[in-house]
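Heads up, the next two complexes both have chain A, just with different partners, chain B and then chain C.
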Partner chain A sequence: MRGDRLFITVMLGPALIILALFYLWPMVENLRVSFTDLTLLRLRVGGQWIGLANYEEFITSPETGRLMMNTFIWLTAISVAVRLLLGLAIALIVNTPLVRHLRLATLARIAILVPWATPPVVAIIIWRWLLEAPNGALNSVLLALGLIDTPIAFLADLRTVWPSVIAIVVWNTVPLIALSLLASLQAVPADLYEAAELDGATRSAKFWHITLPFLKPTIVVLGLTSVFWTFNNFVYVWLATGAGPGTFTNVLATEIYIRSFVDFRLGYGAAIGIVMALIMAVFGYFYFRMIGRRQIEEVL
Partner chain B sequence: MTLTSAPLNRDPDVTSHWHRRMFGRPGRLFEPLLILAGLLAILFALVYPMVFILLGSFKTQGGLLASATAFTWANYITLFTGGFGRFLVNSLVICVAATALSTLVSVNAAYVFSRFRFRGKGLIFGSVLFGQMFPWIVLVNPLFILLTQAGFTNSYTGMIFCYTAISIPFSVYMLTGYLATVPRELDEAALIDGASRYQVVWRIVFPVLMPGIVSTATYAFMLCWTEYLFALAFLTKPAVQTLPIGLYQLFGDDRADWGAVMAASVVTTIPTLLLFLPLQARLSSGLTAGAVK
Partner chain C sequence: MIFKHLTACLGIGARGVIGALMVGAALLPGVAQAADPVTLTFRFNDPEQKEMRAALDAFEKANPGIKVNLERMAWKDARDQFLREAAVGETPDVVHIAFVWAKEMGEAGALAPLDALIKAKPPGKGLSDFIAMDLATGKNGKVYALPWTTDTWAMVYRTDLLDQAGVKTLPTTWDDLRQASRDVHAKTGKTGFGFPAGSASSGSLWFLANYNWWSNGKALIVEKDKTFSVGVDKADVVGTMNYFKSYLDNGDTPKSMLGVSDWADPVIIRGLADGTIAIGIMPPASFREAINAYTAANPGKAAPFKSGPVPKGTTVGTSHLGGRMLGISATSKHPEEAWKLVQFLNDPSIFTGAYKSQFPAQRSLLQSVDFGPELKGFAEQLTHARTWGPYAEGPYAMGSMWNLTGRAFGAALSGQTSVDAAAGDLLTQIGKLNAGR
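== the complex of A and B ==
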């Protein structure tokens, strides 16, 4: 119907226009800039076309290997794995009959909310205080307990910097995982456990054969969502370490920022941006194949 | 949702069964103690950092190391007489405007996605959702160029545009999900009664959808309130900068007054915490919609 078509256009138009202006147009512009040597200082003049030189420089750069290792393994894989395991542990503990029996579950849920409601900037500031050397709270405790002899500069020491950054990310983001898994745990039908008990199943058997399979879909969604969210994230590494010491914790997101706004090389930054966007597109394709399609069908 | 929010432990049989199991047998006290110790450790790790800041913000200067116990508002007074209120106002204006705008256009879009069939619908919907997965850092570079050329850096308008755009993808998804639970018969009955499509959306669907709209808007507000990257790149003048930027500048200053930084952290966190408490159950289920079932 003609009336419907007009209605659809009027209702859908504004959202699509805003999204196109924000995502599509800049990406086209980004692609163009990535083939030039545009710098921040010559923004009004424009850059010279240099073909694939920026991409070539990025691929052959000796830094790129570590950049990828940092982004994929440290920032993303390890932090997501820790988050899922810890989130599961929290959910299992809060869901134990004992905790529910003592009416502590509500208290726990509110406590879990606190880090979630804390803005990342605040979380980073607090943790930089706690991890500070020589007088931060963590150093004080470790010294008092005699676990260390000299204070550790957690965010400057090469051995501790990644675990420290991951601790900050996990603290800030584990609540969503814990609360979602808690909700799923409470939805496991009780008769499944009862039937298993009648059959004499041990507790670990119940966990591996009932609880975990039941949680699996939630874990997959949370895991994949966390992967792209963390992979894309800029703020934790940038504010916790400034990609340092040196460039030790540099990741793709901070590299783009440094090249574009510290070195002023917008063209080179744009090229790395295209590489990052391509990686996300590949990931997005698999996400869609695995669960995205079902998520879409469910609401449409 | 009814399942998860229902207090499962109220069932007397279940409770007494577990009660026997946990406390009834001698020699099995070890396990409950272990569970409680674990719970305490977790709660402490989750809450302590914020408590540390909250308490610190009400202590006198000397901040971190001093164990002064006197309660004082001095840090907050220093903070706001130092001009920090400006950042609060900027954040409020930008985030409220962006939340309102994104929710409005998202309700409209979600209604169309939920109620109409048209060519390319799945593809358009999928593309909208892909926005959620897109790395913002990649957009900063070209947006900076475009906003500079258009004269929209250091302006409310530029930031409201950005924050509206980052909120739309998940807002559309969440609202479409909520709309799927609103019966179509409601729309159809109103249409038969002679209401126009627009009237149906605003008079019928909007009120029914209100709880979903509130959750969605809350989440959008949180996203904007805590956003750092775009604000860092596009706002360089204190007159327009937002809270996260103002806070971090305060922290990064070599002559930083720790008491004021703590007070500023509290001011930045309070709104999200207050908004979050009543909505957390719905949010955690909304964000992973489609996972359970």
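== the complex of A and C ==
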């Protein structure tokens, strides 16, 4: 028994050391920094302990409401919902007998993979070029078709900036959803559909009672990972809009960057990072407990 | 056993062998030092990488014991990247920095004081020949960088569009500029004043806002008896915001400029070159890009451009004296060789060869620069430009003020908030910067 414990400890030891070094230590260090007034100019000297002052400032800041709204609603909730719906639609289309009959399934898979294979930075540059005013491709097309009279600054106009950012995020990330759901769709037993047809089930009934329940575990896992990934994402908003116009598209991740590397307030930036981590931990806990435990277990 | 056998064969004792090895080990670094050249890293952030490499090759030839690695960093990332590197001692030996960074980087311990090096081997015609030395000197009186190049912003015009619009003389006041922009748009359908109205952290609205305040005898930060305070009130900020907003509201500057923050954005350079923008404001290097783009597209044709002072530019100091400095990292292992490189880079030949887009920061060299007819406005404006002075010396962080001003103006110009609210918010935030430091 004692020998087993020793063996287990020795075997797990390297992995635990790596986890402690690369995950635990940075987290603990970030937590420590969040209680200090450390700035980039005083990195060599270190910051002074200021307790919860950074957290207090963040929570009472008039900007925090907008940051939360932008991060939760625009960047995360809407973009994840659009991604899941669009991914499901693409998967269903690619899985139709017609696409298979026309031997287009492989071509469709390759077409889906292209945006996914495009690095986010490149994707954003492409989209900026498409959306640019006055000479961007989209403006040129809309002007040529007579649909608009003057070019639209898609990434600077308050009415279009969030939909534009969401379009970029969705374009770059929907392939993962679509391909995962496509794989799950192909695992649905065909005899279930045959039995349903014999019972006179409509197309919609088959979708709601066979397809969707089969896909639910995958959707739950994809939803969870997409929320974590999107909530923490910095690159799309920063490179597409620079958090502007004004602070209109500023989200928590870009606020951390601005505070840490524009204002040089590393302590304050670390505090926002801790708040983000706590929000995600709480979200993950409730998501797991209330919605996804069984589904996640099925997938895993 | 083998060791014993070896010593016996050589006819020396073990102590002798150990002694010989120790002497050899002690001598080796010296031998290696004599054989290996010192390798410096020079971080140069401007586009002339090829030309600068050629200049460094000449430096290496003249100094056989020194090799120089050239690396580049985008200007917008250069400041925080260097400070991060300095904290862990992994910095380039010689670093290219903006005028207003020297003081803070020196006081943060990231740049080495140059006083001893300057005393041992003074640069050029002596320190007094260099402009903006106040920005290179820390509160402790130590010099942390050497001004290298300088420039300022000026107005640039497409003369053909001004002619079509009936604008006979270049604007000299903000109202003249407003009217010229309106006239160009009304009579040609082109963009009048194509200014970058975007709100990025390092955007151009910072400069435009300050120029406007300075021309009215105000400044965001003022100093009196070594006490620093905010020198504009809400009415000043509202006035300036409304002034620039009127261009976008009236349409002579398209709303798409809200998405442009950089003075050298392709939208502006291309717009000036292809004649869709009539008026711009920028540093000389960007103006040269526009002229080059025009010349490339219209070979053999005279470029229809003119530069002129910024509004009220020759009566009040309304543009900033910008420029770059060279600093030596505090963790450089070769400060003397690095100083040799800094001195080489200040040689007059550099400004006529590798680095022509900037003007030298040495008064004696600046007087001999041939600005040419297109850059006449820049030459005129340069003599009236002012340093950031209290902005850089006071307790307010430049980067934060720049960011807050850009955000507040962006919010007002885009309609995210009312002008009144944006102005109030800007002053509150700037006030907090002071309180927080």
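Heads up, the rule we're going with is that the second predicted complex is superposed on the first by the 267 of 300 C-alpha atoms of A that agree within 3 Å, B and C clash if a C-alpha of one lies under 4 Å from a C-alpha of the other, contacts with A are read in each partner's own complex, and residues count from 1 in each chain.
Going forward, a contact is a pair of C-beta atoms (placed from the backbone, for glycine too) under 8 Å apart; a residue touches a chain by one contact, two chains touch by 3 or more.
Fair warning: this is a prediction, and the values are worked out from it, not measured in the lab.
Contacts of A:Ile148 after superposition: neither chain B nor chain C is touched. Of the two partner chains, chain C is the only one that A:Pro134 touches; chain B does not reach it. When the two complexes are overlaid on their common chain A, residue A:Asp157 makes contact with chain C while staying clear of chain B. In the superposed pair of complexes, A:Leu43 makes contact with chain B and with chain C alike. In the superposition on chain A, A:Gly244 contacts chain C only, with no contact to chain B. When the two complexes are overlaid, the chain among chain B and chain C that reaches more residues of chain A is B.
In the superposition on chain A, A:Ala205 makes contact with neither chain B nor chain C. Touch criterion met: A:Phe264 reaches chain C, while chain B stays clear of it. For the contact definition in use here, the residues of chain A common to its chain B contact set and its chain C contact set are 43, 135, 261.
Those residues of chain A that touch chain B in the shared complex are 3-5, 7-8, 10-12, 14-16, 18-19, 21-23, 25-27, 29-30, 33, 38, 43, 89-90, 93-94, 96-101, 104-105, 107-123, 125-130, 135, 137, 171, 175-176, 179-180, 183-184, 186-187, 190, 217-218, 220-222, 225, 228, 231-232, 234-235, 239, 252-253, 256-257, 260-261, 266, 269-270, 273-274, 276-277, 280, 283-284, 287-288, 291-292, 294-296, 298-300.
If you check the complex, the residues on chain A that touch chain C are 40-45, 132-135, 150-153, 155-158, 242, 244-248, 258, 261-264.
In the complex of the two chains, the chain C residues touching chain A come out as 80, 83-84, 86-87, 104, 107-110, 198-201, 254-259, 261, 267, 270, 276, 397, 399-400, 403, 407-408, 410-417, 422. On chain B, the positions that touch chain A within their shared complex are 3-4, 8-9, 14-15, 18-19, 21-22, 32, 35-36, 38-39, 42-43, 45-47, 49-50, 52-53, 64-65, 105-106, 108-109, 111-114, 116, 118, 121-122, 124-126, 128-131, 133-146, 148, 161-162, 164-166, 168-169, 172-173, 176-177, 179-180, 197-198, 201, 222, 225-226, 228-229, 233, 244, 247-248, 251, 261, 265, 268-269, 272-273, 275-277, 280-281, 284-285, 287-293.
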